[in-house]
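For reference, the structure discussed in these notes is given below.
Letters are used for the chains, namely A, B and C, taken in the order the chains are written, and counting of residues starts over at 1 for each.
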Amino acid sequence: MAHRTVAIITGAFVALLVLAPLATVWGWAQSGRAIGAADWAALRFTVLQSLLSALLSCLFAVPLARALARRRFWGRDWVMTALGAPFILPVLIAVMGVLAVFGQNGLVNRALGMFGVEPVSIYGIAGVLLVHVFFNLPLVTRMIVQGWSRVPAEHLRLAGQLGLRGWAMFRVVEWPMLMRVLPPAFGIIFVICLSSFAVALTLGGGPKATTIELAIYQAFRYDFDLAKAANLALIQAALAGAAAVITVMISGRETVSNTRDRRVFWPVDHWRIAFGDGLWITAAIVFLGLPVVMVVAQGITGVPTLGMAVWGAAGRSIVIAAVSTALCLALALPLTTRWGEVIGTAGLAISPLVLGAGLFLIIRNFANPFDWALGVTCVLNAVLSLPFVLRILRPPAETIRVNYTRLAQSLGLGPIAWLRWVFIPRLRQPLGFAAGVTAALSMGDLGVIVLFGTSEQATLPLKIYQLMGAYRMDQAAAGAVVLLILSLGIFALCDYWGRRNVKDY
Amino acid sequence: MKYLSLAAGVIFATAAAAETPVLNVYAPDYFTSEWGPGPSIEAAFEETCACDLKFSAGDLLPRLMLEGPSTDADIVIGLNTDVTRKARSTDLFAPHGQNNADLDLPIDWTDDVFLPFNWSYVSFVYDATRVTTPLASFDDLLNLPEGQKIVIQDPRTSISGLALVLWVKATYGDQAGAFWQRLAPHILTVTKGWSEAYGLFTDGEAAVVLSFNTSPAYHIVAEGDDTKRAAIFDAGHYPYFELAAKVAGTDQPELADQFMAFVMSDAFQSLIPMTNWSYPAAQPMADWPQAFADLPIPSQAVYMDENQAADMRDTAIEEWRTALSQ
Amino acid sequence: MLKIIDLHIHQGNFHLSADAITPEVGINAVLGPSGAGKSTLLSVLAGFDHPQQGRILWQGTDITKLPPSQRPVAMLFQDNNLFPHLTIYRNIALALTHKSRISADQHDRILQALDRVGLAGLADRKPAQLSGGQISRAALARVMLQAQPILLLDEPFAALGPALKQEMLDLLADVAAQSGATVLMVTHDPNDALRIAPKTILVADHKITGAFDTRDLLQNPPPALADYLHGSG
């Protein structure tokens, strides 16, 4: 069937895009230093912090998502959109923000200082987990809320009739849903944290907090030991691949039901439960929002001082984001299946540094790679965002297929008609969210620009980095605010487009 | 698609610009950005050369090693001595053809291939409003009170971080590992690069940062702020040289030579302090801007040449890593 | 003529077979106990499921291997018969064309079909704005426009109240008579069969048999059907 063919071709393309550079780098390398004790220590730490980050993110997301799913309050839509914010923040900005709140000189410690308490240092594994949870909690929360909206209303009403409360409610209704949603969420966060590098190092407090990505970075940029870089990248990829396969397989197929974002009827409600929910939601808003507010506060006054170079880079970043998003969605639509998601997640698995180097070597054979810098950036952005987009799109996509394939087949809808009349319109809400996530991620991505050279084609994050490198910290902070506002703005726009007029669905 | 038109544009541009010779200079990001020395240097050189100077920013060494002899570069600017042995082993570079005696550096410069164009001393920079007694030695770092921490760069990912471990190694020799162990509790964290570390410093997270003795010049000149000071150690500092070199396989040999000569000229050297915030390599102190001449400067240099640096590198890094991993 | 020959269906533990069934032009009810496989039979005829063995012939041509869209079949499911995000007009239009442009001729036919099922003037509504009965009518209108000689219905009016259901059945009978289609309608209520279906196909005890005269079958039901209709003892 045509759908199958397109899916296979797309999957093969993505796999090739990810594996070919890796193979190229490997083949290009001459000698290689062995993987030493330091590297194994890095591997251990990497896996440990990834597991813990994923675990904590999921753990905190469960009650938060429950609270959000069953409450309706003024501004809820904004909160749901804002929940996407931390995830799409550029790493640099998120770290700045978190430190502004939790760092030695941050709000918390300054407040503690007023009471004469010694400053609490988050530098160490706690800091790493803090930032990782800050990034990923919102994503998992949103996935679980989506999961809640797919629980059939009848199940909840039945639970109400049976008077299920507390643990029974959890076991009968919530747990099955979580078993479908959490494993892939866990998997994807694990994979994201696997390639964490600057965050881990800076907040980790020192070389104890070395990750594989740092070892790859060192091997590549400083030792120029391509073989070692490729070997390490392979190990990283194997870990990520295993995680992807395991968690996607556990999650199983989606069942038929409504995908409307309606309020989840809670059978046994109580003011104490509502109060608890309120606490969770408030805590989340503070924890996630305060760093963002601090970033804005620190940089907003410097915005008028930014020159054309920065604004030009901002414009360029927006264009790149648009192209990357279009490409990513085009790749994602055929891959919204189990295997598609496994392949899609592969994009995250391989170190972007190695991917970039491999592509550089491949392109070099027939063209000047520097001319292709922007194009390669778009392609890599698309591939790196693919796992998230697939995680967002796959459950509703499967529901659509379960509900409407027969009708479409009996009407003889070909692949294009299916896309146009059924698939894309019905995917509007998650599509908007996915587009927003991709666009924002692309905005904040330093990308392979680093290797491919910049000349006049700098993106906004790179400009911020250049400002920092030239001592202009205030302007860098201002640039960060611009990046933040643009990223959030684009995300909110796409998400809003997706949510508009969805009530008829 | 965008890159196709970009590629097409480059093809047409290079065809059309065949008359104006192009000098390709590979330089690091901070060099070519609007706020670095790049634009002024480009303008100054193009006035005299009747050519088009094109900067290409990005990672220097990996790119060169990936490109090999078929590289487009005519000049490479921005390497430092701790990596020159590796760069030299690529056999990509030709002698710089300039007179080393014209250089004004704390050490005797004997290298014929790599030419320093600016330099400064690696040193700790501290916030004088928090660290009230000036730091004058490594021991003073060890005696910093609890609330005042140091942030440094990782020698495995940062060139300034590497300079630091080599400095400690040159100062303490076999005792370097023990020193790191004693310093470890005072280190707030280790960052990937200089930018992140300096950002943590200016945000107040750390009271002391590893940087260069010329860093305070920026704050004095651009911000009128003299609270950020360099700690000058009597025992000596590690000098940090930034180098320019001519690529052997250049397709513009005369132009490249002209550029190398330009590097030594006053036109180039006077641009350096206010754009790259370091000392010009070929100008005597009398010619430096006031703010730079007034900066406290170490009395002696503790230096490892490129071979010593390359030999000591792995040991020094490993000692650092084990000490801080405890 | 629709002929089903030597059909064997296996799905896990479930199996069903038929020797030779010839549904008649007009309405054939499909009766049988729950879980017997009535829906499965329709599914196989439509092409959504495949038999292990057997042939389905239409006018002498073997259509067993054809994909659903290429069979001369139109089907009404139990639910999800309309796309909720499209207007009734657009939903029905999909039977005629998949393009966004609707020709004047097609436009007329769509309005005619809406009129025929009593939904004139509601073309711009979306399914969420219609009652259950209206949704059934809209689905029927679409099936009319598909104008296939074989029409399969899987308990399409099960959720409607008695009066409404009878109205829809009568409408269906009318439409079927006009188009001369061969209709197979799964129903739980033998009265439905009596009302509009001259013939009945029986699915029980892992066998499909038919087509019988409805009245005869219901007056003298075989054991499996008798249990289903009147209970044992």
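Things worth noting here:
What we mean here is this: a contact is a pair of C-beta atoms (placed from the backbone, for glycine too) under 8 Å apart; a residue touches a chain by one contact, two chains touch by 3 or more.
Note that this is a predicted model, so its numbers are computed, not measured.
With chains as nodes and touching pairs as edges, the resulting graph is an open line. Just to note, of A-C and A-B, the chains joined by more C-beta pairs in contact are A-B.
For this pair, subunit B with subunit C, the centres built from the Cα atoms lie 80 Å apart. Centre-to-centre separation of subunit A and subunit C, using mean CA positions: 47 Å. The mean-CA centres of subunit A and subunit B are about 35 angstrom from one another, to the nearest whole unit.
Across the complex, subunit B is touched by residues 38, 41, 92, 96, 99-100, 103-105, 119, 121, 123, 197-198, 201-208, 214, 217-218, 220-222, 224, 307, 309, 319, 323, 357, 360-361, 364, 367-368, 370-376, 378, 450-455, 458, 462-463, 465-473, 476 of subunit A.
Interface of subunit A with subunit C (complex): residues 1, 403-404, 406-407, 409-414, 416-417, 420-422, 425-426, 504-505. Subunit C contributes residues 46-48, 67-70, 73-75, 77, 80-81, 83-86, 94-95, 98, 126, 128, 146 to its touches with subunit A in the complex. On subunit B, the positions that touch subunit A within their shared complex are 1-4, 6-7, 10, 29-30, 32-36, 54-59, 61-63, 65-67, 72, 83, 86, 147, 149, 154, 156-157, 162, 184, 187-192, 194-196, 198-200, 202-206, 215, 218-219, 222, 277, 318, 320-321, 324-325.
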